[in-house]
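Per-chain numbering from 1; labels A, B, C and D assigned in written order.
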Amino acid sequence: MLITSATIYPEELKKNLIDRGAGAYVSFEGWIRDQNDGQEVLRLEYEVYEPVAVAEGKKVIAGAMQKFPLLHVNCVHRSGLLEIGDCAVWVGVTSAHRDEAFSACRYIIDQVKVRLPIWKKEHYVAGHSDWVNCERCATHDHQHPQASVS
Amino acid sequence: MLITSATIYPEELKKNLIDRGAGAYVSFEGWIRDQNDGQEVLRLEYEVYEPVAVAEGKKVIAGAMQKFPLLHVNCVHRSGLLEIGDCAVWVGVTSAHRDEAFSACRYIIDQVKVRLPIWKKEHYVAGHSDWVNCERCATHDHQHPQASVS
Amino acid sequence: MKKNITVRYFAGFREHAGVSEEEVSLAVSNAGDVFERLKHRHGSEEPLGHCKVAVNDEMADWDAVVNDGDTVLLFPPVAGG
Amino acid sequence: MKKNITVRYFAGFREHAGVSEEEVSLAVSNAGDVFERLKHRHGSEEPLGHCKVAVNDEMADWDAVVNDGDTVLLFPPVAGG
């Protein structure tokens, strides 16, 4: 599991999954789309809390290796500013047969999306921006009250 | 759908599936394993009847495009002699969301394996060779009777 | 009435027949008949359902009618991927 | 009894609070208490179940005990991938 602010090169990452016993390689790439929920997206900003994201990602991968008879697995997730078409996340799996490679790849991306502390802010063509999944926690006209906690 | 005797380069093929509306890219690669059914494999030979394989492959892809909301799809299958680790088949799918990309990629490789006129002969380390899936149709000590059909 | 048919053998069938293609003259009505009548050529003991057939480069069912001048392609069990 | 806690805010929570981290002194027993007591800071109207929490860089349940000196990380609904 790796979090990186640099471009993801799946073909390079795939090399680490090569195995003479591998009959199947399944990969997933999440790309930045030009729209979401009917709004035109200009670019995307990923915020990642890396220490916990890496630890959770490793747990997801370990869980997949336990559930399915896999040979090699890896997952890389971007942080920072991404443009339309950029690869935000890559998951690669090799195994002897295709059934477990498909199942595990799907399992990993599903888990990564709900378990890792990663947030994306969509910047729209129309000018505003929003944290995805979080309609009620980031108001556009929010204020910054001074801490008055006791 | 393409049948080729040349090396498959998935990263090049992926470029044709790029789309600003694509949020998901799922790919499958079938690699030559070093063993099958407990026998050590030395290399593999694919025989493809290209006219029908291409036509059937196109039908499989058209079927997938009808079943799932996809953006782009392609499939390339090797013919000829392949070594351990070589990529024998590649399927790539892009779509807005990951669910249909996974389902379609799986659907396509499953259909390709059972519908296209492609056969593989495994050459074993032990010296003999066998057509896969065809225990009862290719005997090792077969004879070649002269045609006496009327 | 006999029909002149071009038969093509693939993979294990071709190896058994020792030729990839031959002209035959057979009294047959459908593709399944061709398969059965040419068992001594393709050598298959597989049930019909495991094999496939194409007539004139179109995938066909085993009960597809075969006409004089047709090309019948006999496919052993496939194993792509 | 009040506990000295370091709180870290992420994404929308950080933007609402205007700081990514602050020291607070709260009479709380678990992580859920911290979330509720700091609503005016992170501004979330999301139910607890939509958000996540880590204590000292370990993912935790909302009923995880928070001790004096702990760091509590408040995570808005995640959206990786």
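In this text, a contact is a pair of C-beta atoms (placed from the backbone, for glycine too) under 8 Å apart; a residue touches a chain by one contact, two chains touch by 3 or more.
Computed from a predicted model, the values in this text were never measured in an experiment.
Apart from chain A, which is left out here, the chains connect through touching into these groups: B, C | D.
Each chain gets one centre point, the mean of its Cα atoms, and the points for chain B and chain D are 51 Å apart.
Each chain gets a centre from the mean of its Cα atoms; for chain A and chain D, those two points are 23 Å apart. Once the centre of each chain is set as its mean CA position, chain C and chain D turn out to be 72 Å apart. The set of chain A residues touching two or more other chains comprises 30, 98, 109. For chain C, residues that reach two or more other chains under the stated contact definition are 81.
Touching chain pairs in this entry, ordered by label, are A-B, A-D, B-C.
Of all residues in chain D, only 10-13, 15-19, 22, 24-26, 37-38, 40-46, 51-52, 54, 57-59, 73, 75-81 touch chain A in the complex they form. Of all the residues in chain A, the ones that touch chain D in their complex are 30, 46-47, 49, 51-53, 55-56, 77, 88-89, 109, 112-121, 131-134, 136-139, 142, 144-145, 147, 149-150.
Within the complex formed with chain B, the residues of chain A that make contact are 10-11, 18, 20-35, 84-85, 94, 96, 98, 101-102, 105-106, 109.
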